[in-house]
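You will see two complexes here that share chain A, one where it goes with chain B and one where it goes with chain C.
Right after this comes the complex of A and B.
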């Protein structure tokens, strides 16, 4: 008796697999597609060598002054020489560990809030998030910890963008939650106050808010009180952010089915028990993508601080470009650098965001 | 409408109270131990930061001079980089003790903003830059030319007036930033570039080949730049005014940072009065006798500051021109130091 031997599977026809088939399907499927493909290749072939030549082969990498830029291409010496300023501003070199420590704390808190064991995660991460701005400011300023005081006019560079964005969103988070609750409230006074606040800060461009904070606000303070410029701007960012986040949260509240509210009522939970134990966890889960998108937006908005002379990274770049020893036109290198730094951080944030979303997605796995 | 008027009135009232009170800036500065000085966020040669975050420039030297006179230490300055829009509010609200930020001394500003100009530390003015191969040696030969101008600057107005006055025409090509203006000029979009003289020098260095461009001799507008203080504190006004005058006077007397110690002991009576070994000049200002000595040894006289920041010892290589001392054909002139 012959045992049944299936014929080995035949490979797919040569026309449908492999590189040529992929090319045919994706790049040359129709005549217009083929034309577009060829012209894109032609453009790349023409420009890429020029760009690479400028950025790498005939670029200047070593040296500390502008005189070192002798070759035709990019002057990366400029970025190298100013890199400390671009990252840390004028923060004293011997104290810079404080900035690094704060950055490490920030990363640790982010990591902790989704790697800690589930039983303590919520309480531990909320506490550490709320403590972070206080601890961070104490470390950077130094007054409370008995370190050398570094006044805020010395803070600057890219780390200032990061800290301003992080500090505003952390403080804005609880506030925006309250504003969103207020807007859904049935008490007319609370509701109208919330609506006015949210609509004001959402309806006014952030640039004009910065101008108000830096130019108008000081005129209304009592004589002799000088609120630090950075604190004024921080307040503006918090208000702006909480207006936006309130709307994000409101969307989250609306997405929670009304059965959840009614179920909570029916087992006799109080208002705050209902909101905090039943509704809020679901709201945060639903709103997570939007919260992170808003954060990326705010982070990029911190570069607008340059119009009121806060030495964040773009302002530092412009200061560097106007130094009389660096007047040789390095704007392209500088802005390319800022572009890469921001793109790198925003891209890693969205990778992180996707990971958090996947982790929180407990009911609708696909 | 009524609400708008009310708002305007309250802002004005706030400005005025902020401007009117705030006496005794000198005491504030002394008790704080540092001078807070408003500077530009970055202007080549006038107020600029280097790679180590250290400020320098002609305007910055004005801050350092006042700090040296008042506190005896030219490094005891807290610099507040300000944008053009913020500068007067920052002064009115007391955020800064003085403003030294390439601010043009105009009648309107002096009389309506609650501020006082304490003098002029640089006489600037709109001027022209052309490529050498154009073969032009005077602005009067520019009839019918294309002009590269930065939009929204006072130069725009000055050049229109100048060309109308001389019966000439020009075609404006406006750009948004100074960097774009320079690139437009370099790529041949226009025949000449116009801006303030000190800016032209900075723009010229940025050209691929600075040797190809020349700055024409005509200066077509008045832009006297100087330090500013709040109205209502005459003692402080005097201190800033005479700190600047001391630098100018020191150049006239040929007192430099190098020879000041020697002159203080062995100079003529005028040197000794200036440097504080004779007379009451410091006491009258409410300062110590060696106020001007501190300025000159720590910051230098006007000529040293000028050459170091914008003159021949700097990349800008600006000529003294009208900013020379009156003894050398310029218009810098300090009132009598006695």
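Right after this comes the complex of A and C.
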């Protein structure tokens, strides 16, 4: 008997599988779609080579002075020559290890709050976070540690943006938590004070807050006290940040089911035990993506410090652009560079925020 | 932290409290506690503000700063770069306040208009069937959302607009619109005697659209017949003023910008400061609005689209009749906060020297008069009021699109 031999299955039509199918579905599904695709490709084909040529092939990479820029493309020598100032401002070169040390400490504290064993993680990381601004300022300023004093006029560059943002959000964290609790409080006066505070700092343009810090705040201190400008701005940033973060935490509090509060009450925890041991860890977990988003906003806003004359990175760039040895018009290179630095840091943080959000979503589904 | 207690201990503890010993004391009563906390807060705040006010008065006396709002009537003595109402350097600080306020409104209005446009275009583009378009939308949002606004303002101002050609080599569009390093020059319509009639006709046409829409909706509900509302309204808005203009003999003259000496004169001039600020605000806020639109559309369950397909709606009708009206419920509150932050961000005018309220008042007037508290608070109040108006309008709009529950 002849064994049944099925004919081999015919391959799927070429139109429905593989690359051509993808092309048909995604780029050329209809005639208008094909027209759009072709015009986008044409635009890219025209501009991308020009951009690449400017940025890479006919760009100048080596050298130390403006004379080294002989080719007509970008003059990356400018960025190279000023890179120290862009990152560290006018901080003395022989003391720059202090900035690097502070950066390392910052990274270590961030790493510690994710990797420490669970039993000590919360306490250890909260302590190190709260100590970090104090230690950082002590290292950078040097007065308390017996190092050479570096006055705050010399601090600057991109690291100043990072430090201002980090120091503000760390100190704002406990405050914003209190404001958020105040806004949820049942005591009418405490609630209205919290609401007024939060809405004031959220409703006012951040620039006017900086002006308050630089022009109005000195009037508030007792006669003769002279508070450093950077510290005044820091105070303003802390207030600004705690207003925004309070709203983030309020969202977090609302996301914690009321059963959690009731359960904590029923096992006889006091108010602060309930808040700190039961509610806060859950609030921080739920609000993590929003905290990161708020931090990105704060980080971007640190560039506004330029307006009141603090030498953060954009201000440094403008100084470099008006330097008499570099008058060849490097605005495009300079701004593109700072653009990319900020974009890199903010984009990676928003990717991180999105990843955390996705992880939390799966938690809920389980 | 907590010792394990035996049943006996717990029982005795609860017996103790019910028999009215320590834990029923007055300081354990939450109401009395709350009362004292609030008293403490009031006392603290009073002390805080008392110290601040005392220090401020003492400091102002020591440095000889005047107080009060008399300075508003004094001559400002400086000129502003751009003004929507006539302004000379002999005018008062009060008038400069109005000039700055109008400039702020102008740049905010331009910014809100273009940001909404960009945001909706790129937000919807995220759902395009075309892979390239989707990627372009993604790149736009991710680039411009993640770079500080100030940097973008500078980028447009110093790196793009200042590399435009000079007046003699201006880029031109049909010899009517010119773009050069000094700004954008556009023709201006100057109305003659009867021109107000044309504007009235335009207004009537716009009012007519609302009547038409209402009538068309009613007719559709009664008879099921649809009326081409969009085409008719476009025709109305264009044709009606045109007919009136023709009847009155075109009472307009067009003033074209013309090159005289080193620059263009006449027509409408948009200074590069305004341009860079408006572009940066629109592009930056547009990226956020695009995200809001995307979130809104994504919040609609896919079943809605499938249900709409199954009753035979065409794809574009599904978008406009089913998806967008529901997505608006998510989008409008987000739009509200984006518009408010756009208005607040317009203070960045100070960075490029566009004379908005913040720049002319907190920048220059404060510098000249030294009256920090008055100028800063007057300015802040204006931003509060503008944002409250935006919030009020958007909430009205939100009520219109919100889910009507029975």
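Here is the rule we use: the second predicted complex is superposed on the first by the 333 of 366 C-alpha atoms of A that agree within 3 Å, B and C clash if a C-alpha of one lies under 4 Å from a C-alpha of the other, contacts with A are read in each partner's own complex, and residues count from 1 in each chain.
Going forward, a contact is a pair of C-beta atoms (placed from the backbone, for glycine too) under 8 Å apart; a residue touches a chain by one contact, two chains touch by 3 or more.
These numbers were taken from a predicted model, which means no experiment stands behind them.
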Under the superposition described at the top, does placing chain B and chain C together on chain A give a clash or a fit? clash
If we overlay the two complexes on their shared chain A, which of chain B and chain C does A:307 touch? Say first, second, both or neither. both
With the two complexes superposed on chain A, say which partner A:190 touches: chain B (first), chain C (second), both, or neither. second
Kindly classify A:242 by the partners it touches after superposition: chain B alone (first), chain C alone (second), both, or neither? neither
Is A:60 touching anything from chain B or chain C once the two structures are fitted on A? First, second, both or neither. neither
Which partner does A:216 contact after superposing on A: first (chain B), second (chain C), both, neither? both
Would you check which partner chain A:287 touches, where first means chain B only, second means chain C only, and both and neither mean what they say? neither
Which partner, chain B or chain C, touches the larger number of chain A residues? C
In the superposed arrangement, does A:102 touch chain B (first), chain C (second), both or neither? neither
Of the partners chain B and chain C, which touch A:331 in the superposed model: first, second, both, neither? both
Which partner does A:204 contact after superposing on A: first (chain B), second (chain C), both, neither? second
Where on chain A do the contacts with chain B and the contacts with chain C coincide? 211, 215-216, 218-221, 223, 307, 321, 329, 331
Would you pull the chain A residues touching chain C in the complex into a rising list? 25-27, 29-30, 33, 36-37, 40-41, 186-190, 193, 203-208, 211-212, 215-216, 218-223, 296, 300-304, 306-307, 314, 321, 329, 331-332, 335-336, 338-339, 342-343, 346-347, 350
Over in the complex, which chain C residues touch chain A? Could you list them? 34, 37-38, 41-42, 45, 51-52, 55-56, 58-60, 62, 129-133, 136, 142-143, 145-151, 154-155, 158-159, 162-163, 340, 344-345, 347-348, 350-351, 358, 362, 366, 372-373, 376, 379-380, 383-384, 387
Any idea which chain A residues touch chain B in the complex? 81-82, 84-85, 89-90, 151, 153-154, 211, 214-216, 218-221, 223-224, 226, 229, 307-309, 311, 315, 318-325, 327-329, 331
What part of chain B is in contact with chain A in the complex they form? 11, 14-15, 17-18, 21-22, 41-45, 48-53, 78-83, 85-86, 89-90, 92-95, 179, 182, 202, 205-206, 208, 309-310, 314-316
